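Once you scroll down, you'll see the structures, which are given as structure tokens.
Next, two complexes with chain A in common: one pairs it with chain B, the other with chain C.
Then we have the complex of A and B:
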């Protein structure tokens, strides 16, 4: 990597912000419709106390972690079962194929009826966003274990639950890890959309509330905050995967 | 000497597989510590025969005795080495070998000690902490051999273990296997479709023909090892085996 290549990303971000700043300041756009990035950041950081901003981020992260944890646990467990036991796959597949294409957000009205306006309804839609990609990846990972790995294990007289726990599940970990990352991304996207619609706190709520108050700068700031928080969180997940599965598998 | 493996009237057909059986009625006796090579073109039933002896498949007819007892499934002192990619990629070389030992009830500390001993035996002392993807193809097969030995098997079943290696590495691995075999005498059944590999390794070569899978030529090789490819006796055997293989085309 040359020096230029190392800094290419920073250059891109700075160029993007400069271009936007210039466009907004030269009056190509009405500032009430298109605030400059400096105005957006200034508006947000002067109007919202840091503690409140942190609370928005923390609320969103808390929801996404709860929904993700539940969706990942259920997706991994059911995906492993479906990928390993044929009857489970035969039973699960039609149900999953019907439910999977439904955008999780379509569940929000129903979720509100089932779980009320509080946290559980949001966690539920995040759960849905996470569950399906994790389930699919885990099931596919289990079904595509190289046969020679399983034959080798059976030749060592490993079978039954031991074969599943000691051989098949570890062998499927790269696919499961990829599914977790996709599931996290989708869960995060669903979270923000859910917060746009019904929430008293959280980054999605911040964006929506500011627009209703006519503070478009804060909305724009909130949108970029969502992008950055998602990026950082995804980075952490990717790093955790690199430290574990990545030690023995090239993704 | 007692027969290590006794196969009689062994036949195998697969469900939904029309045509002649994969294995006809095969008879074969293998002595203890004998190195037997099965040679034949792809699809003649070599892997099927090994899988039956390993207990990974059940015979359609006939029976297999290993050490005098009928084979009813895997386990019971049968180690297997595959062509490639059969190591567990999530375990280091050392853990792969220890896995096999622990699997037959060896305690953890003893399994680790045995793994180190076997790593040294196959010339990989110091590489125990590496994961399979960090090892070359030849090194992976050394670990695979060590893993099979960790089962403390009476018989070693090897299914084209060097088939994916380049010729130079392959020749080295043949020497290496003979060196290990000299130290840890085992009954070996070794499948290959390289005539020279068979000639370098075997006490006895059995040439197979397909559908029904059967033995069409059997030759004993009493030459001492290491053998030289320039040995006229081997060259004569090569010609004879080649003629036999070509004949069944």
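Then we have the complex of A and C:
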């Protein structure tokens, strides 16, 4: 690998930012329409105290983690049950299949009617965003376990709950892990939308409020922040999955 | 035969039981109809929406047509830009390395966080909505295209070279057909993203479209209309997915067979 190839990613990022910076400075000249990245960062860091910025990030992360944890737990549990016990599948499937195609954001009005404007309605919508992909992935993972594995285990007198916990669930883990990552991504996207509509804090609120105040630079900064936080969180999740599931499977 | 019948009847029975319990709970006063309008009320609202519309005069068909139109416009625009760019990036390793972090980053920016920018750039009209849908679809399609080109079996290209096939001919007759299945499934995933984004994009600055219908209905405490609107978005999304899957099976039948075999 040549030196150029090794640093290609960094060069790409720098080139992208430089291109944007020059385009913004030469092309539009009007930072109210298209702020340059440097202006955006400067505007945000000089007007918002770091503590407030951290609070926005923490609020958003708290919401997404709460919704994700609930959605992942429910999705994994129900998905495994539906993939393993036929009666559960027959009862769950029809209801899930009807609700699944509804985009999570479309639940926001109903969530507000059911839970009010506070935290529970946001967490509920993130929960839905996470639940459906995780459920589908877990059920599919359970359904596509090679029957040879199960027969081999049975021949060694592993049966019932032990078969489920020691053989079937580990075998379905790669699918479940994929579902978790998709679910997290969706939950994160939903979070921002939920915060745009009604919130006093959070990164989505930061972006929206800045626009209303005419400070587009802060909006751009907020958008960058959302992207970076999402990227980092996804990396952490992937690393956690590799640490746990990676014991049995390679990705 | 009997097993197949059960496969269809049991889910129907479950759904009937679900709706029946809901209806009964609402009638008995356990569920407040403003929060959980009973299924019979939803059916009535659907008929009302189909003939009279909400807000007055805009029927559900108008809302749906506008929403679908916006999604298709954004989707088409995204595909038109992402496929050529993706083919270019995917076939040059250095370019791919350089753009990979930018692509990964832009994908993880939540599309709807761009709403403020879209409003400033395009106003509250159609442009902002199509831009948001286009953004969401574009990055999904771009990554799918890049991956599709990179995953073309090099043996195919070498084989074509040994038969004296030149650059453009290889691209047109080997690379493009080999990437087609992945491009189609990328387009399908992108369309799904479009359906996700549209609801958020329609929540501001419009009273037409299914997304605005469900938000408008909430401000008038018409939960029944909100729910009918949600089900309609779900139904249209499902129909669009099914249509693309059908198209995939028609255009690249070899792929469907290969997938069935690996399962």
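Keep in mind that, in the parts below, the second predicted complex is superposed on the first by the 245 of 251 C-alpha atoms of A that agree within 3 Å, B and C clash if a C-alpha of one lies under 4 Å from a C-alpha of the other, contacts with A are read in each partner's own complex, and residues count from 1 in each chain.
Here is the rule we go by: a residue touches a chain if its C-beta (ideal position, glycine included) is under 8 Å from a C-beta of that chain, and two chains touch if they have at least 3 such contacts.
Quantities reported herein were computed from a predicted structural model and do not represent experimental measurements.
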{"item": "Combined model on chain A where chain B meets chain C, clash or fit", "value": "fit"}
{"item": "Per-residue contact with chain A, leading partner among chain C and chain B", "value": "C"}
{"item": "Touching partner for A:25 - first (chain B), second (chain C), both, neither", "value": "neither"}
{"item": "Angular separation of chain B and chain C about chain A, which is computed from CA centres of the superposed model and rounded to the nearest 10 °", "value": "90"}
{"item": "Contacts of A:109 with chain B and chain C, given as first, second, both or neither", "value": "second"}
{"item": "First (chain B), second (chain C), both or neither touched by A:151", "value": "first"}
{"item": "Chain B versus chain C as contact partner of A:242, first or second or both or neither", "value": "neither"}
{"item": "Partner chain in contact with A:211 - chain B first, chain C second, else both or neither", "value": "second"}
{"item": "First (chain B), second (chain C), both or neither touched by A:12", "value": "second"}
{"item": "Closest Cα approach, chain C to chain B, once both complexes are overlaid on chain A (Å)", "value": "11"}
{"item": "Chain A-facing residues of chain B, complex", "value": "54, 56, 73-76, 78-80, 82-91, 99-100, 103-104, 131-133, 151, 157"}
{"item": "Sites on chain A touched by chain B in the complex", "value": "146, 148-149, 151-159, 166-167, 170-171, 173, 245, 247-250"}
{"item": "Chain A - residues contacting chain C, complex", "value": "4-5, 8-13, 15-16, 32-34, 90-91, 93-95, 98-110, 112-114, 144, 185-186, 188-189, 191-193, 196-197, 203-204, 207-208, 210-211, 216, 219-220, 222-224, 226-228, 230-231, 234"}
{"item": "Residues of chain C touching chain A in the complex", "value": "10-12, 14-15, 18, 34-35, 93-94, 97-102, 104-106, 108-117, 119-121, 195-196, 198-200, 203, 211, 214-215, 217-218, 221, 223, 226-227, 229-231, 233-235, 237-238, 241, 263"}
